[in-house]
Amino acid sequence: MAFLSMELADLVKHRPERTEPDDFDTFWADTLAEARAAAPAGLRAEEVATGLTTVGVQDVTFPGFGGQPVRGWLVRPRGVEGPLPAVVTYVGYGGGRGLPHDHLLWASAGYAQLVMDTRGQGATWSVGDTPDDGPGAGPAYPGSMTRGVLDPATYYYRRVFTDGVRAVDAIRTYPGIDAERVLVAGISQGGGIAIAVGALVPGLAGVVADVPFLQNIRRATEITDEMPYKEVADFCKTHRDKVETVFGTLSYFDGLNFAARGTAPALYSVALMDEICPPETVYASYNHYRGPKEISVYTYNGHEGGGGHHVPVALGFAASVTRER
Amino acid sequence: MAFLSMELADLVKHRPERTEPDDFDTFWADTLAEARAAAPAGLRAEEVATGLTTVGVQDVTFPGFGGQPVRGWLVRPRGVEGPLPAVVTYVGYGGGRGLPHDHLLWASAGYAQLVMDTRGQGATWSVGDTPDDGPGAGPAYPGSMTRGVLDPATYYYRRVFTDGVRAVDAIRTYPGIDAERVLVAGISQGGGIAIAVGALVPGLAGVVADVPFLQNIRRATEITDEMPYKEVADFCKTHRDKVETVFGTLSYFDGLNFAARGTAPALYSVALMDEICPPETVYASYNHYRGPKEISVYTYNGHEGGGGHHVPVALGFAASVTRER
Amino acid sequence: MAFLSMELADLVKHRPERTEPDDFDTFWADTLAEARAAAPAGLRAEEVATGLTTVGVQDVTFPGFGGQPVRGWLVRPRGVEGPLPAVVTYVGYGGGRGLPHDHLLWASAGYAQLVMDTRGQGATWSVGDTPDDGPGAGPAYPGSMTRGVLDPATYYYRRVFTDGVRAVDAIRTYPGIDAERVLVAGISQGGGIAIAVGALVPGLAGVVADVPFLQNIRRATEITDEMPYKEVADFCKTHRDKVETVFGTLSYFDGLNFAARGTAPALYSVALMDEICPPETVYASYNHYRGPKEISVYTYNGHEGGGGHHVPVALGFAASVTRER
Amino acid sequence: MAFLSMELADLVKHRPERTEPDDFDTFWADTLAEARAAAPAGLRAEEVATGLTTVGVQDVTFPGFGGQPVRGWLVRPRGVEGPLPAVVTYVGYGGGRGLPHDHLLWASAGYAQLVMDTRGQGATWSVGDTPDDGPGAGPAYPGSMTRGVLDPATYYYRRVFTDGVRAVDAIRTYPGIDAERVLVAGISQGGGIAIAVGALVPGLAGVVADVPFLQNIRRATEITDEMPYKEVADFCKTHRDKVETVFGTLSYFDGLNFAARGTAPALYSVALMDEICPPETVYASYNHYRGPKEISVYTYNGHEGGGGHHVPVALGFAASVTRER
Amino acid sequence: MAFLSMELADLVKHRPERTEPDDFDTFWADTLAEARAAAPAGLRAEEVATGLTTVGVQDVTFPGFGGQPVRGWLVRPRGVEGPLPAVVTYVGYGGGRGLPHDHLLWASAGYAQLVMDTRGQGATWSVGDTPDDGPGAGPAYPGSMTRGVLDPATYYYRRVFTDGVRAVDAIRTYPGIDAERVLVAGISQGGGIAIAVGALVPGLAGVVADVPFLQNIRRATEITDEMPYKEVADFCKTHRDKVETVFGTLSYFDGLNFAARGTAPALYSVALMDEICPPETVYASYNHYRGPKEISVYTYNGHEGGGGHHVPVALGFAASVTRER
Amino acid sequence: MAFLSMELADLVKHRPERTEPDDFDTFWADTLAEARAAAPAGLRAEEVATGLTTVGVQDVTFPGFGGQPVRGWLVRPRGVEGPLPAVVTYVGYGGGRGLPHDHLLWASAGYAQLVMDTRGQGATWSVGDTPDDGPGAGPAYPGSMTRGVLDPATYYYRRVFTDGVRAVDAIRTYPGIDAERVLVAGISQGGGIAIAVGALVPGLAGVVADVPFLQNIRRATEITDEMPYKEVADFCKTHRDKVETVFGTLSYFDGLNFAARGTAPALYSVALMDEICPPETVYASYNHYRGPKEISVYTYNGHEGGGGHHVPVALGFAASVTRER
C-alpha cells in the first residue's frame, strides 16, 4: 500500500467519534465476574525439556472464560532470584502459543513471560492447543472474526478478551512473580487484546500494542480489502440483512472503547503502509487512549511494523515502567 | 487447469487402494444410533410467504446430530396430490440453505425438495441459519475442514453426515411424501454428503453426486492447491507432528469408504479440468461405488462441472429411479 | 473494493452533467423505424421438452435489428388462464439466453417471461444462439464493447438495444399476454438494456435495473480497471488518436441519456463495493431518471449486488406495477 | 513455465498423428478459387509522409477474402533499383498492421516488406484498420479464435488465411518486385498464417515461422491455460455439447495439416518455456513439415522466443533463399 | 491504474517544492571535472556486420565515470554526407544497449544515434555489456536503485549520469558529427538520464524525455507500488533507520533539480494511467523545467506511453531543433 | 506446490550425475590460499548494549575474501565458563546479519554463535552492513545470483563462500571458543553456504543445512519458477547466447560438488512442497553427501521447512556432535 489514504499530519489529529453501547461497562463487568466465579485464578505448570540452558520453559494451564482451561508457556530466566517483573503476551491472528523456542526474548531480558494460547486459533502460522468451547452461534465466515457475531454474548472475542484478563489474574498468583509489575503486550490481534485487557484489569504496569488489530472495526471494513477485517465485510456481503446486528455486536469489542478507558502507560506502534491494520484505525485508537502514551511510527512499513527495530524500544519502555522505585 | 494430470483412458480404470479403519462400520452405527436416540425423526414446518404461485415453500427444522435442531427449506409443487417423490439436497462448501427462491428446480419438476442447512457454514456464498454445537476440539484452520480433526469423535463431518442421515429420516416421516422414493443429491460438498448418506441409509431411490468433494482426501491434499482440500494441507503444514493423526481421523470420513458400501443407483458427474475436486479423486470414488452407477464427463470444465447441461441428465436419472412400478 | 471512492451521502446527490448529441432522438427514432419496417412484430414459438411440470418453456424467435432473427425462451406457468403480465429479461455481459431450466423464477411467480438472447454473446458464461450479423466495422478489442465503435451507425449496442425494443414489440403481440402489463428487467448489461428500452418503448409497466452497466460510460472508464468498461479503455490505449471518436459514438448509447427520458416506474439496485459497475455511475443514472423510482442499496456487496435478498424486492415491485386496477 | 512438460530429447522426435478431414484440399482449393474470382490480384498504394530518409512507406490496399479490401504497409529501401526480393509479414494475435515506423527491419536489409493487416484485430497491442466482414455465425468467446467456429465455412481463419494468400498474389503483381523471390514470415499467429500460406501458394522462396500459433490446436487446448488457445477451451467450457463440432472445424485450420504440405524452405523457431505456444505443438508442426527446414531453439525463453538474437538468423535465412543464382 | 489520483486540470498546475541540497552544483561540477580529468573525450568504434544495407552500425566504447570504458552502438545512415545531427539515447531500467537491429529509427530518419549502454544493467529485458565498477557500498535491494544509496559519492546514478554526460562529450568529438546539433533522448530511466544530462551539458539542441523516471522520487515512493521506485521504498522498509539518509542522497539525483536547470528545448511525454512513473511526478518535473518545453499527453495509457503514436512527434521535434539555420 | 513432481520413494534414491569442472579443487585451493594470504584470521569485537541479561552480544568484524572486512554478530551466554562450542551461521538470501535480538537461540542453548553478514545483501528482509567489493563484471539480473556470473573468478559466490570459510577461521582463533567443536549452519542460502564451507574447511564438528539453496542449480532453473533460481533463468532468457558460459561458471559453485567432498556429520532438512528449493535438488545433494548424514522430511511444507518443529532436532544434532568425549 504505497498510496497514502491519509497523510501523517492528519493522522496525528484523527480522533473519530466512538460508537459505544450504553451497557458497555456492565457487559464487561458481568462477563468478568462470571468468569472469575467459575474458577479461582491459578496456573498449573509443568517443566518442559528444551535443551536450553539460560532460560526455563513451562507448559502452563489457567482458567479462562467460563473457567475453561487455557494453555500457555511460561518462560523465565534461569538462576535469577525474583520476584520477577512479568509480561503477558497475546498472539497474532490465526496463530497459537507456538513452540517453546519461539519465546526467548523477554526471558533473555530478565522478565517472566506468559504466552497465552488463543482459543480455537493456532493452525494458520503457529500451533495452538486450546479449543474454543463457546456456544455454536449460527453461521460464520471461515476464521474467527464472525464466530457468534450475531450476539455480543456469543461473540468469539468475548471469550478471548476474558481469557486475556484471566491470564493476568493467573500470573499474578504465581510464586516468584511481582504482581505489581505486570505488562500486557502483543502484535496485531495480540495488541488488540492487550488494549482490551489494559482497560479491564486495574494496576497494570504497561500496555505494549504493536500495529493493533480490532480498532475502529467498522471503518476498517470500509477501507481495507485485507483479511481478517475482510471476514466481517464478507459476512455482511452474504448476510445483507444483518449488517447492523453485526456492528451492534462489534461495538462491545471495538478497541476505541477500551482505549478510552485505559490508564496504564501505553506504547503503540503504527506502520504507515499497513493494509491489514490501516494507520487510520491505529491512530483512532491511540488518540482516544486515556493514559500516558507514546507511539513509534514506521513510515515505509506494512503490517510487519517496526520488526527488530522496535524491539529495543519495547524493551526500553518495559524497563522504564517496571523499574523498582 | 489445462494440464491433464491423468488422461481419461487412465481415469476410467483408476481405482486406488482405500484406507479404511477396522471399526469404520461400528463407528458409524454407534454415531447414528446415538443421534436417533437423542430425538425421534420429525419435521417442524412453517409456511413462508414468497410471492410464488406454482410452488410452496416451508421453513423447516429437524433433529440432527445429538438431536440438535437443523434448519432447512421444504419446497413443493402446489396443487399436486401426493404422495410425492422427494429429493434431499445438501449444499456446497461454505454455503447454507440460502433463500427460498434459490430452490425452484425440483419442485417445478414435481418433487418435494428438502434443502438441508449445513451447520456452522452459511456465510461464504449463501446464507445459513444452523449453528454447529460440536465440542471445541483444539485449533482449526479457518473453514470447516479441520474443525475437531484430531479425533474422529469430534470431527466436524461426523456431525454433518449424521445431520444428512437424519434429514432423510425426517422427510420420510412427513405427510404427503413417499418414503420409498427419496433421493439424496448435491454438488461438491453436497455430493460428498450424498455419497456418505447413501451408504448409511438403506432403501434410497438414488444418489446424485456432482463433482463430489471429500473423496480420496489424502491424495487430494497432495495434488491440488485449491481450498478446501488445502485447509487440511495447511493444517498439516503448521502441525507438522499431527499428519498421521489427521489422516487417521479422515479415514472415517473418506468418500471411498462410503462408495464401497453404497447400493442405491448412483449418478456421478466429473469435470476433467476440475482443480478443486480433481477428476482423479472423483473417479477413485466412482470406481469403488458398489451399486448400479453412471457418470457424466465434462471435458473442458472446472469445478462448475456440467452446470445447466447436466440438469436434464439429473432429472432423467431421478425420473427413472422414482418411476412408480 | 473496500475503498470507498465516494461516500453514500455524496452518491445520493451525485448527478453529473450528461453528454448528449443533438440528434440523439432522431438517431433512435430512425433506427427503430428502420427495424420495424424490416419485419412486423411477432414471435415464433416451439415447445421444449424439459421434464418440468409447473411451467412450460418454448424456444422462440422474433425479428430484431434489421429484421434479423433473435432467439429467446418464453417461460410460462402451466394451467393458468391469461392474459398474463410479462417480463422481458436481458442477459448480463458475455452470456446468452442460457438453458430452459435457468429461468424458473418469473413463471413460478405467475408471469410470462421472455428471455432475450444477446446477439454475438453467449460463450463466456451462459450459452447463446444468436449471431451478430452487423457490418464489419474495423478493429475491436476482444469482447463486444468496441465492436463497430468508430461510428454510431455500426456500433454493436445499436443492434442490441433495437433487439431489446423489438422483444417488447414481439411479446405484446403474443396470445395470452397482457400488452399493458409488460416489464423489462435485467442485471448489469441486462439492466443497461432495460434502461435503454424503457426510454425507447412507451407504455411499459416498469423497469428493473440491477447494478446496471452502460451508465456514465466515459467516467466509468476513468475509475475502474475491470472489464468490460476496460475494453473501451484498452481500445483507447492502443488507438490513442481515436479517443474522442469513441466517446462521440458512446454518447448515443450512454444510459444517462436514456434515464433522462424514462417515464415508467423504475427499480434500481446498487452495490457500494461494485468495481465492475461503480456505484458512482449507477447513481448518476438513477439521479437522472425521470419517472417514479426507487433504489435498493447493498453496502458490502460487489457486482453480485443484492442477489437472492433482492428477489423479493423485485417481485414486490413487479406485483405493485402490474396489479390490475 | 519452468516445468518442462517434455524434454528436448523427446520434442525433437515428437510427431503426433494429424487429424485431417477428407476434403481438406478441396475446401481450400474452393475457398481460394472463390476469392480469386471475386477480384483480380493487385495493390493500391499511397505514399505516406514519415520523416524517414532511408526507406519509403506506402499505405496499401489489396483484395482479400471475398474480394474485400485488406490494408497493409509497403515498406521499401529508397534509391535502390529493383526488382527487389520481398517479404510478406503477418501480425501476432490481437494486433493490426501498426504504424509505419514499426517496420524498418526488412527494408533496411534491402527487402520490400508488405505488412498485412489482420481483419477484425488491431486493438489489443497494435492498431489495425481492416474490418472483418465475415458472416455473423453464432456466439463467440471474446477474441477471434471462436468467431464462426461452428462451421468451417464461417470460421474466422478461413478469411484470414485467404487474405494471407491474396497478399502474396498482390505483391507479386507489384512493379519492382521479383515475384520469384517472395517469402512469408511471422511470429506467433503471424507464423501460423505463414505456415498456412506456405502450403497454399506455390513457388515461395521461404517460410519464416517464429513460435507459431495454430499448430496442433486440440492438444494445445489441453495443455496450456494461456490465451488465445484458452479461448477455444473456454468456448467448449460453456458450450459443453459443441466440443466435437468445434474441433471438427478446427481440423481444417490446424497448422499440422499445412506443414505436411509445405515445400518451400522453412525456418522455425521454438522457445522451450513457451506457455502460449507450447514447444510440444511447435515441434509437432516442424516434424511434419515436408520441405527443407531448420529450427532455432531458445531454451530459457517463453513466447518472446529468440527476440533480437533471432533477427540475424532470420536475415541469414532470407538471404540464402533469395540469393540470385 | 484507472483511478485518477489527480485530474489533468490539477496536473498541469502541479509544481511541488523541490528539495535541493546546498552543494548540488558543486557536487556535480566536481564529479564531472573528475571524470573528464580521468580520460579525454573520445569514441573507439568497430564496424559490425549486420546484413543491413541502408544503415551502418558500429560497436563503440567511450570513457565514462572515472574514465571507465562504457559501451554503445553508433548507428548511421549509409551513403549520407555529414556532418550529421546526432541523438544520444539512454536505455530504460534494467536493459542494456541491446542488439544492433534494435536501433533503426533515428538513422533511418537521417541522424547518427549513439546508444549508451547502462552500466551494470542489461539483463532484465535487453542485453548490456558494461560492468559497473563502482565501489561496494553496503547492502542494496535487488536492482540498481539503492546501490550505494547511503552516500551521494557512492550512489549508482552518480556514475550513470556522468556516463551520460561523457557520451555527449564523446559523440561531439566524432568525425562527421555536427557537435552543435546533438540531442539527448530516452524513455523512462532513459528520459530521466536525458533530463539530468540536459542540465549538466551546455549547448544541447534538445532533450526528449518520455514518461521519465527519477522525477520527484520521494513522492513517487509514497504513491506507487511499482518497481523500480518501490526498490527505494523496500530498502527503507528494511532499513527503517536510514530513511532520511536515503532521501538525502537522492536529492542530488532528483530530476526536479535538473529540470530547474535545463535550458535546451525539451519535449516531454506523460501517460495519465502510468503507475510506474506516475503523471504527478512527470508534471512536477515538466512544470519546473526552465527552458522552452512542450508535453504530449496520453490519456488511457500506462507506462507504455505514446508508443508508436509518439514517434512522429519526437521526429518532428528533433527536426525543428536541429534544422540548420 | 501441492503437485508432487517426484514421489518420496523416488526422491530418496535420486542421485543425478554431477557436472564438475576438472580444476574444481585447484580453483578453490587457490581462492582460499589467496584470501588467507591477504589477512590473518582474527575477529575484532565490540560489546553491544542490548538490554539482555542472559546473553551478551558483540559487533564483530573479520577478514573475508581478499581480506575485506566482513561484519557479524557474536552472541554468547553470559556467565558461562568456556571453552564453548560454537556455531557459525549463514543467512538466507536477500538478508543480512539482522539485529542483535534476532539471534537468541544458540546462545540460550549454551553455544557461541557467529552470525556472518552476507556481503552486498541485507536489504530485502533483514539488514546487513557488509558491502560487496567485488569487481564489476558485466550486466546482472537484479539480485545476487548473476553478479559476475560470466566468469568463475568474478562470480559473487566465490567471495561469499570464501567469507564463509574465513568466518570459521576467525572464530577458531577467538578466546574462549573450542576450535575443535565448531559447526556451520544455515537455512536456504545459509544451508548452501554451510555445505560449501563444510567441504572447504577440515575438522568441522557438523554441518546443518536446512532446505539448502544452490544445489543442482541447472536442474533447479528448469523446474522452478521461483526466485532466486529464476534469476539465473531470467538472465539466460535475455542473454540467450550465454547459457553455457553461465552454467560453466555455476559448476564451480554447485552444492553437489561440495556435498561429494563433505566429511563432517551433516543434518539436512527437506520440505516436500518446497517450490523455492525443490526437494529434488535437496535430495540430489543429500544423496551425494559423503560423510555421515541424516535428513528430516517435512511433508506438507514449502520453503518454510520444519520451522520451530526442527529446532529441537537441530539442537539435538548439535549436542551429539559437540559432546565432549
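By letter and in written order, the chains are A, B, C, D, E and F; residue numbering begins at 1 in each of them.
In this text, a residue touches a chain if its C-beta (ideal position, glycine included) is under 8 Å from a C-beta of that chain, and two chains touch if they have at least 3 such contacts.
For each chain, UniProt lists the protein as follows: A, B, C, D, E, F = Cephalosporin-C deacetylase.
Only a predicted model underlies this, so the values are computations on that prediction, with no experimental measurement involved.
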| remark: Overlap of the chain C and chain F neighbour lists contains A, B, D, E
| Under the touch criterion given at the top, what is the topological distance in steps from chain B to chain E? | 2
| said: Which chain has its C-alpha centroid farthest away from the centroid of chain A? | reply: D
| request: Could you pull out the chain whose C-alpha mean position is farthest off from that of chain B? | output: E
| Gap in Å, rounded to a whole number, between the CA centres of chain D and chain C | 39
| field | Whole-Å gap between the CA centroids of chain A and chain E | value | 51
| request: State, to the nearest whole Å, the distance from the C-alpha centre of chain B to the C-alpha centre of chain C. | output: 37
| By residue number and range, which residues of chain D touch two or more other chains? | 126, 234, 309
| message | Please classify the inter-chain touch graph. Allowed labels: line, ring, star, complete, other. | response | other
| query | Chain pairs in touch? | reply | A-B, A-C, A-E, A-F, B-C, B-D, B-F, C-D, C-E, D-E, D-F, E-F
| remark: Contacts from chain E onto chain C in the complex sit at residues 1-4, 273, 298-302, 304, 306-307, 309
| said: Which stretch or stretches of chain A touch chain B in the complex? | reply: 94, 96, 119-144, 146, 234-235, 238-239
| message | If we count contacts the way the header does, which residues on chain C are in touch with chain E in the complex? | response | 5, 221-225, 230, 233-234, 236-237, 240-241, 243
| message | Which stretch or stretches of chain B touch chain C in the complex? | response | 50-55, 77-78, 80, 98-99, 101-102, 104-105, 107-110, 126, 308-309, 311-312, 315-316, 319
